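Scrolling down, you'll hit the structures one after another.
Both of the next two complexes hold chain A, though its partner changes from chain B to chain C.
Showing the complex of A and B:
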């Protein structure tokens, strides 16, 4: 887990929060800081504790231990209705007995801010592109429009933080992409801090300032979208966020600037150079390590870039790129190469190729004894 | 067999039942407005000219209304607890309908054991010296309403539970996240959404309370019978069928006057609750 870094003063600080339901621990010792106006995503598989963490921030669950601070003040024991935190629910939870206008106006009426309510609601409906839908019932509008009503309803009271619990998961892909863009735009326009929960890594990467990858109740890594993808700190993060090649080996030599490895399975010891992030202590010689190489960084048959010999076992074509499954002495490899007609692709199955990758494409993942990264704890 | 014939065959038993019911109802009303083969409202004028009968009608309606009100006040929180119970809800539902396995006579008589002059409460009161003679807990409106609430409350609970269970818990959380305090959440989200259940339960309990016979007979005083009990006695003891028919018709009409508007309201409410928009 990386040390948390803040871009601005933290609006929300989660301090070693644990939540247990009976003998089951949903969230284990999670600490996070979220800066004012940030778009932070909690990313993880179902059952990883991300929704429980969100519900604790909302005030629907109380932490078993630890504290949740908003602008320094402990709100762990505060009721949900006393927090200035909005929420968009997975099933949207629109009030079926109220029309679009009254749904959006609900928060203003509940907080007795009825002055200029008509103008505020109409402004909010305009922001989400729903002018003219005021008197429609919630069953008389489309799924995407219901989504916008839910968003408008939670934004109209100008909460300090907006929580979004997989709000787009029920929509088809095209609408989903469109609403992702709109959500990001609205977040930037309003400047409200968004905490977004999803299990979709692409959604997380495309929208977030920072991503907290969660697994088995823990935060495995908390950092920028680019770092999460290119500098995974644990095997789980490397595997969960995008496709990757995980190769194992031992440290051959290490100094402050770079580490050289010997990969398992290769007859002749092949050295792989890994640039070490600044400030990190290099591992000792002979330590077991794993490396992650993204498929798009694996190059085939490029002179001067040779790591191992490989054999094509299958390929799949997806328009702009072609992905090869390869068999090598270091284990199975995935290579995604740009497809251009007339350059010999696709390679036939059984073809031998030389596979390699540039040093900077390799991420060193320290072996973490005793840290179970699988879902077994759930 | 053609489809229409099959449908007819399947509907035949209920059609027969309906026919018997309608014929019975028509005969009942008919016998109440006929005297010596002539159309005559004499039975009705006889009823409404007697102040004890008018008082009895008023008492019946008041008792039914009070019973419904208390059944709702007790039933709603119970129904909410059951609907939001995270454990095995069926056990709770079983406990609620469990009393139905015991005859209504036995259940009403149970109150005699508790409330009677030598019952549990009075025995304790006299033993402890709090009173020197038994408190009049029975044979009055109090004991009748108490008994009826006990007997009829399950209907209210079941009617409300079935509606509450269809309301996603998320809606209450959504209200709270928007700043809605518990009272506001109840008044603006839970209450309007559970109104169909309240109306169904109210109708059921009210109707059964107006027609109650056994409970008022066992727990009510001799001087202040209810309409249902009076009809029972007119038929079983005095064999005065036309008078009983007239009383039954009066009961039917007053019940309809309350229940029909509730039914119309329920239909309107349900349509609005399905998200079909409201101005």
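Showing the complex of A and C:
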């Protein structure tokens, strides 16, 4: 499906790659294509196999089966130092016995490209905003600066692909946001293909062209950031990327354009119409399904929507919005509404409201409850 | 309060014999005594003017140098295998390397007489090198292994991702990362070898003699203050090495657990 839509010719193609360590399978039958100049993120919880996949692309691990092709050529058995692939490590791995300049110059010297080395290193330090830090030791600079040195070091050899293994995870939130923006800018300026690993879904959404959501060694969904958030294809993706309301029910009626369903738990069956993505075969009547509705699409007390009665159980205020936890016959619901003073918010706990959402906000999740999501193809 | 007094007494008592030896080396009398009768440097002059003493000094220094290089090199190779490649039974292997520390020196001496005689190396410099390597390996292994455990393996991966081939990675990244451990190993095994008496005295002969064993046999025969002068020189030299070690790396590197 989405895995074949690349914006350019693939620079990297991962073909049914599996990696086992003894009896443990870290990566299961993963296939991905990454286009030239793309910013692709591997997103998933710890232990989902994203770092192992990254290390196989880097050449530190060999796939148990499958192939990794770079511009068509199989590189699975090629040594890391023969690949034109740079990497920024989670702990940065700056050389402690070298100063900033020599750290950045390392790759040029290792590849014996010493011509104009001084100019190239200085240009790279300028790109990451570290002019004047050449002779500093790596212990004499701040965390954010170390981050930039690591980035400059891996970019100076102009790799075809840059791999980033949770490089921002050790930084505080504010610095993190700032460096996210800078990373994105540097990626666009240099045009280098970035493959970024993170467990932070906000980071993934804000930086990536495309996101591969991984779970238990498999890619559950590979698509644009917007699709990942608004059209989750599995329960796991819907729950992992952002907050969501997952409601279960059965298909009431279905045709090529839309599906109508009844939600479990509601005394009077509520028909919810779901627009069906083009080209998908509608499910059969009575099939169990789940839907995902993002909290920000749940509206309170607005007539003309598919609604169910609910009761406020608690709320949390976060400046621009206020999030209510609701109890409804269809199960617990989260509703995030814009906060404007003097409009009756926050509602008191115990208050009865009607909660509803527009048809377009509903995503049909093809996975059935109890279905083994790890068995899904991408 | 009492415990404090005891602590100070122990601290003062520990270096006392050294102080006495150093002071008595400055005597002008012809025999070893304390307190000394007159102050003179004649025994130092005698030590540095004696071809025999200088010869054993040279032998000890060369023996310690070769021993330190060999056992540090061997320890590095062993630690690399255990720490980096996780050889099977690595932990038992490490314990085995430390056995010369706990094995009685008299027993080692006897075993080595038999072994070296079998090899035809008894009373030779080569034989002493072999034995000193065995005796210094426990001291050489620990600092190198500790440094290797501390070194981040991601450094080598980072170097590989930057295009460095295995030998360049080794010289440019792996080795510098454990340099403090290597220097500690070299200095410690040098000191241990240079000061070794108990096992060495089983193995010396008419053709090879080390400085500390020579001091020991001189004590048995005469009580010449030259022994005090030689001992004081040894103390000075060892202190200098420890001082350098502390300056270069910090002594706690050896003392702390790995």
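Operating definition for what follows: the second predicted complex is superposed on the first by the 364 of 378 C-alpha atoms of A that agree within 3 Å, B and C clash if a C-alpha of one lies under 4 Å from a C-alpha of the other, contacts with A are read in each partner's own complex, and residues count from 1 in each chain.
In this section, a contact is a pair of C-beta atoms (placed from the backbone, for glycine too) under 8 Å apart; a residue touches a chain by one contact, two chains touch by 3 or more.
No experiment lies behind these values; they were computed from the predicted model shown.
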Side-by-side fit of chain B and chain C on chain A, or clash: clash
Partner chain in contact with A:106 - chain B first, chain C second, else both or neither: both
First (chain B), second (chain C), both or neither touched by A:62: neither
Partner chain in contact with A:80 - chain B first, chain C second, else both or neither: both
First (chain B), second (chain C), both or neither touched by A:16: neither
Of chain B and chain C, the chain that contacts the larger number of chain A residues: B
Chain B versus chain C as contact partner of A:138, first or second or both or neither: first
Touched partner set for A:46, first chain B, second chain C, both or neither: neither
Common interface residues of chain A - those touching chain B in one complex and chain C in the other: 58-60, 79-81, 85-87, 89, 91, 93, 95-97, 106-107, 110-111, 153-154, 157, 163
Of chain B, residues touching chain A in the complex: 168, 170-171, 173-181, 184, 188-189, 192-193, 272-279
Contact set on chain C toward chain A in their complex: 152, 154-155, 157-166, 168, 172-173, 176-177, 179
Chain A residues within the chain C interface of the complex: 58-60, 79-81, 83, 85-87, 89, 91, 93, 95-97, 106-107, 110-111, 153-154, 157, 163
Of all residues in chain A, those that touch chain B in their complex: 58-60, 79-81, 85-87, 89, 91, 93-99, 102, 106-107, 109-111, 135-140, 153-154, 157, 163
